[in-house]
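Heads up, the next two complexes both have chain A, just with different partners, chain B and then chain C.
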Partner chain A sequence: MKNLPAYIVLLPLCSALLSLALSKIHKHLGRDVVFGALVGSLVLSVVQLVRVIQNGPIHYIFGGYKIPYGIEFSVDTINAVIVIMVCMLGVLSCMFAFNFDKNGDALQVGGAYTMHALLVLGMVGMTMTGDVFNLYVFLEITSLTAYCLIAMGGSRGIVSAFRYLLVGTVAATFYLLGVGILYSVTGTLNMSDMAACLKQGNNDSAMLMAMMFLISAFGIKMALFPFHGWQPSAYTHAHTGARPLIAGAMGKIPAYAMFRYLYCIYGKDFKYFRYVLLIIGVISVCGMIYGSVRAMAQKDIRKVLAYSSVAQIGYISLGFAIGSPLALAGAFLHMLGHAFMKGGLFFAAGAISWKYGTFDLNDFGRIYKRMPFTAGLLTVGALSMIGIPPTVGFFSKWYLACGAAQTHEYVYIFVLVLSSLLNAVYFFKVIEKVFVQADKNRKPLHPEGKGVTEAPITIMIPVVTCILMILLLGVFNVKVIDILLISLKGVAL
Partner chain B sequence: MILTALDYRPGIIVLLPLIASCLIYVLGEHILPNYREAITFAAAFPMAALVYSMIPAALAGKEIGFTLLEIVKGVPLQFSVDAAGMIFACVASTLWIVTSCYSIGYMRGHGEKNQTGYYSAFAMCLTATMGLCFSANLLTFFIFFEVLTVATYPLVVHYRDEEGTRSGRKYLAYTLISGQLFFAGIVILYSFTGRMDFVPGGFVNTGDIPMPWMLAVFILMIGAGIVKAGVMPLHSWLPAAMVAPTPVSALLHAVAVVKAGAFCTLRVVLYVFGPEAARFCHGSEILAWMAVATILISSLIAIRKDNLKARLAFSTVGQLSYIILGIAILSPFAATGALYHIVAHAFMKITLFMCAGAIFVTTHRKNISEMIGIGRQMPVTMTCFTLASLAVAGFPFFVGFTSKANIIMGAISMGQPFFVATLIVSALLALTYLMPVVLLAFKRDFYNSQFPVKKEANLPMLIPIMITAACSLILGVMPNFGLHLYGLAAMAGNAIFGLSL
Partner chain C sequence: MRKVLPLILIVICLGASFVTLDFLPEIGDPSSKPNTHTTDYYIEHATTETNAANMVTAVIVDYRAFDTMYETTVMFIAGVAVVLILASHPERKNRIRFRKVRKKESRDGKPVYRTINKEVVIPLIEPMIMLYAIYVLFHGEISLGGGFQAGALLGMTYILDVMVIPERDSLIRLPKDKSTALGGIGTFIYVLTGILCMAGGGVFLEYEKLPIPMHALEKHSTGMLLVEVGVAICVMATIITILNGIMERVHFDDDTD
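Let's look at the complex of A and B:
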């Protein structure tokens, strides 16, 4: 098991290649292979976390080439946890997608799962890599597969995908520019090596320049305000089966990459570090408010959730901007929590649309009568978004606020309060629709049959798992925080 | 809190209604209503029994409880039993049984819809309330406080109509905003003091937080409590929430929600800040004057209301402020009075509300002007109403007298004649707004009234009314009857001010 980090990436890669070929033989063979591979990755990533906790960080070098020339995967407790999150959402959303692949020929169906596996692979690779150029490669894999999956969502999906493609290409270019500047200064592409070189030299202005490019690049990729323009339509019109994965996990990985640049490569010795943090803080705050305000006006639940993502990603970058250990831990807790919240809410919305074929909030009136479980789970997810205890949303907010109090940035506490209240406005609007307002004449697409009262089991398992994760992460947050703090202690402010 | 003995009973007490709530939500639509209600009682009776079983320990001054887990870094999720929490727990668990019984009569008598959601949310409210009672630190308290906020929402919007929706939004706006500010206050307080646990007499020292900040934190933290307790000018969600069915009003006004607000204020002022810091930052003064204004204004508004439930709602607003005033006076007597008023008001007001509900179900009348001579049709109900009215007005030998006398003694001992005058005037005002109901019911046109036939509400409604009315009389004569509630209140009051019994 010396090659553990490599297997986690290779399993989905192999399954992606096989999926297309196998789906020629039988329509569903490809998806089974992908599902199996993702489950395998999930198991391995859990094993990996256990090992990292026991034996300290893993530095895996591909092909035995020496650092700084070879490619390195460096896994500490933080990205080990994030990899688990990505794999888990990958598995769940793959299972969820089973219900939405009835149309299309074998190649399309198999291709969708290929893209699915590649997307997971790209995100996992981006998280684990210790090489800035390798990160670019995985970033592109993630982006390209995401373009495909969004374009598969029908005619509006193609337009959204094209828009994302244009913006995403700009982001990739910015990233390359940033990396180019850093490479010209340090002459290395390995992250830890680069960090060491940057500490020695006196290149503050070049580093600042590079940082601005990197913030823009990651800002676009994680849909941070004001770089979020592509995101709402992309989330809304993406392929239904892939939407929870795209919305739940995709924004978090660039955020983690940004954290790495900020705290692992640049570090607190960087001369303009405070100013960079302030900039990130200000745009996070604007995003938290802007996203929520826009979300209030939406009638389509996908749009509500998409704009709420703009706001929620602000929580994560706000944690980076505060920078104390608790705030960083809170940001990562929110990263995990929000992945399951957003994933869970999209799964639940998917369940409703599977049954009634609608995403319009006005058609959701008293849907709890027909789908009590889905409605209950949707409510828990929404409460977590608002930050009502004992869900994870409350605890990540708690750590962020405590972190802000540690560094005496009390303004951020009140921003968190305001943002929670704005979240409450539109999530209680959803809850009100689901439980209170009069029902319209909905015609079920899939009438209740034998054994299926709400939605098929392959939809309900993802929903239930996500909601359980929200509650478990909330109640046992200290365990997660402890794991995160092992690696955070060294880098935080 | 340092626990002297490990005891899991508080945890079981919190868990019982939680399980009941989930079971009711999941099974409610699939089983017969009788079985569904059986779940409620199957949780309510053991819960009350467990609560009562802890009274001796609380009276002996033992700190029993347990730590469940570390809920955030450095702060445990801890439950413990103390005198103040015990009082609230006794009231809530006793009245849950009573209200459930009444609910069955009301909801069936009135043919209500959505009963499953109703009983489920009701049990959830009790979970939160019990959690509040036994929370040993601020964070545990806050968690249950927010759960209570959310769990009450389905009860407020019970009718699912336009008005209910509007009230629900109003309720959420008030409670969520104040709850979030409470959260900010807790975080700031924690960052300054590094402590969270409730200590009788508080743990904040006057030098802990620089002065303007201290008042700010105080206001942030009591905000949530006084919104839930309906202190003016933050009360308007309470009368709006009157659109809900009457048992909900009874729960809101007497058992859980508003009392949770008062209890929250008590914990924050006397167990977190403590008398010294509260006086030092002038927070208690502000609180006291707000309470005084509320007592007077709400009574004046209540006089003008024709809708019986609305009149009672404003009476609640005023009576709750007695508790707040008792807390803010910062004397042992007043604190004892405030705690005992939690008991007193619960029994009095729930009787009044249940009577109003009984009248509504039997005669479909909501307004006082339509109830002339109703004493002939419903003599038992109206007798109970009369007893409870006298108790609210603070007649001697009724439960309201004991608590008010204590608060007045506290005000005298602190040299606050204006507070004394307020309390006396408001007792008269209470007579002014409640006695007309009684007089109209019994006196005018009694023998040729529009209600000639004697027809009481059904038994599940009538029995709870009689029980609570009897309690408000018995507890007035013997304050320590049964559960030693007055003894507990006195204990808590003395512990806060560091006096020995």
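Let's look at the complex of A and C:
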């Protein structure tokens, strides 16, 4: 099993490439192969995490060359955990998408699952790679498939995808400019080799310039506050089957890449490190307030969740800005938790729209009578967003606050509490609509009986899994933090 | 405010582009980091390690073959995305129309173009282009060329055939569902080469472990050739796919639906 990291990226790739050819044999064969491959990746990524915990980081070099000359995958406990998160969301949303491809012909169905598998592949690759240019290639795959999946959400989706395409291209160019500057002073593309080279020479101004480009690039890709313009409409109008994956996982992976650059390549020896952290801290604080305020004014649940993502991404980058081990671990716990919260809330919204064809919050009146599990997920997800124990949202914010207290950054704690209160305002609105507001005459799209009539099993499995993941990550948070701290000890402030 | 702020930003960015970056090395400086750190190794070892006389090919499809695999996948994604988004076959009146170029019509209503005899010339040119494409494909590792260029030439042959003589029945027709599937299979050949290396006991894309009875250096050449064939098929299929996607949105004089 020395090829373990390669298998994790190869399974989705092969299934995606063959999906269209297989769809010509039978309409759903390509889809089933993609699903099987994603499940295989998930199992292998769990095996990988166990191995990394037991034997230490894995370094896998493609082509069998020496390190700065070939391309390397380097897996430590942090990205092993994130890979599991991405694969899990990929499997769940692939299963979820089964319900939304009824109308398409074989080409449309096969193509949609090709894009789905390639999106998962791109994110997994971006997480595991140890080569800065390889990261760019995976970033390209992630972006292109995301543009396509957003454009498949109808005519409004095409406009949002075009806007994202323009902004995303600028981000990719910024990334290349940053890498170009770093290459000009180090002459290498391997991350660990680049870190060693940067420590030797005196290149502070070049590094600062490159870091500005990189922050803008990853900021655009993860929809950090001043760069978030493309994000709400893109999340809102994306293809319904792919929305949980896009909203749940896509913003987190550039955030992890930014962490890689900040702490693994630059490191605390960088002369302007404090100033860079301060810039990130200021924009994340602004984003946390701005996203929450904008989310309060929305009526469409997709828009509420999209603006709330702007705020929640701010929590993750705030953890990077604080920089102590506990805060970083809290940021990563929030990354994991938020993937399941936001993915789960979009699963629930998708289940309601599958049944009633509506996303308007005012149509959700007393929906718990009809769909108890979906309403349960909406509640648990909303409580976790606000930060109520024992959900994961409370513990991630707790660790962030602890980290901020260790480094005496009390402003950050204040903003953290303020943003949580603002979250409470609009998420209690959602809970109120679900449980208290009068029942409206919703017209079901599919024939249904009396009493409890949930969506089909392929929608219910993701919904229930997300509830369990939010609660389990919260209850076993110490275990997760311990796993993350194994790798964080060496790099944090 | 919404219009002024972007303008200010653009002016600042334009101004920033006039700032001299004194930390960048001079162009062609032989002692700069990019020219000394890894480049020396590639120049000294590329030919002996990979058996490819063309050093660029050695870096692209051997040292960094993993990147090229995903660049090929990007081509495939482009083709599929065009089909999924553009090729929805809009109503006839919504298709893009071109101004009629015909100058005069013969008595039975068919257009008369004053050109060379295309039925004779095109079938003569096509085999030569394809032969040249095969030459470029197989000589990629020795001289200039490679999979991308060969695929572009092959795709061009198909475009020439479809565009110039649309009424003739071609030997091979590639509608959009077949061409996208072919693009996926082309990239899969690339991946399969890497998987064969793993089956031979090596790591992914380690050509020396290909399970074929050959000398290690010949295995490198074989691996590169397989990879280039995959790239060529993918690029050809993608070009044809994009042509198919655009053709469905254009109004033609002889459209029936």
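What we mean here is this: the second predicted complex is superposed on the first by the 489 of 493 C-alpha atoms of A that agree within 3 Å, B and C clash if a C-alpha of one lies under 4 Å from a C-alpha of the other, contacts with A are read in each partner's own complex, and residues count from 1 in each chain.
Keep this in mind: a residue touches a chain if its C-beta (ideal position, glycine included) is under 8 Å from a C-beta of that chain, and two chains touch if they have at least 3 such contacts.
All values reported here derive from a predicted model rather than from experimental measurement.
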item	value
Partner chain(s) touched by A:Ser233 [first = chain B, second = chain C, both, neither]	neither
Residues of chain A touched, compared between chain B and chain C (which is higher)	C
Chain B versus chain C as contact partner of A:Ser353, first or second or both or neither	neither
Partner chain(s) touched by A:Asn134 [first = chain B, second = chain C, both, neither]	second
First, second, both or neither for A:Ser420, with chain B first and chain C second	first
Which superposed partner A:Ala206 touches (first chain B, second chain C, both, neither)	second
Touched partner set for A:Phe476, first chain B, second chain C, both or neither	first
Partner chain in contact with A:Gln406 - chain B first, chain C second, else both or neither	first
Complex interface listing, chain C residues touching chain A	21, 23-25, 32-39, 41-42, 62-67, 70-71, 73-74, 76-78, 80-81, 83-85, 176-178, 180-181, 183-185, 187-188, 191, 194-195, 198, 202-209
Contacting residues of chain A [partner chain C, same complex]	2-3, 6, 10, 13-14, 16-21, 23-24, 60-65, 68-71, 106-108, 111-112, 114-115, 118, 125, 133-134, 137-138, 140-141, 144-145, 147-148, 151-152, 158, 181, 183-189, 197, 203, 205-206, 209
Contact footprint of chain A on chain B as seen in their complex	25-26, 29, 69-73, 117, 142-143, 146-147, 149-150, 154, 157, 160, 164-165, 168-169, 172, 176-177, 180-181, 183-184, 187-188, 190-191
Contact footprint of chain B on chain A as seen in their complex	326, 329, 366, 372, 376, 383, 386, 388-390, 394-395, 397-399, 401-402, 404-406, 410, 413-414, 416-417, 420-421, 424, 428, 432, 435-438, 475-478, 481-482
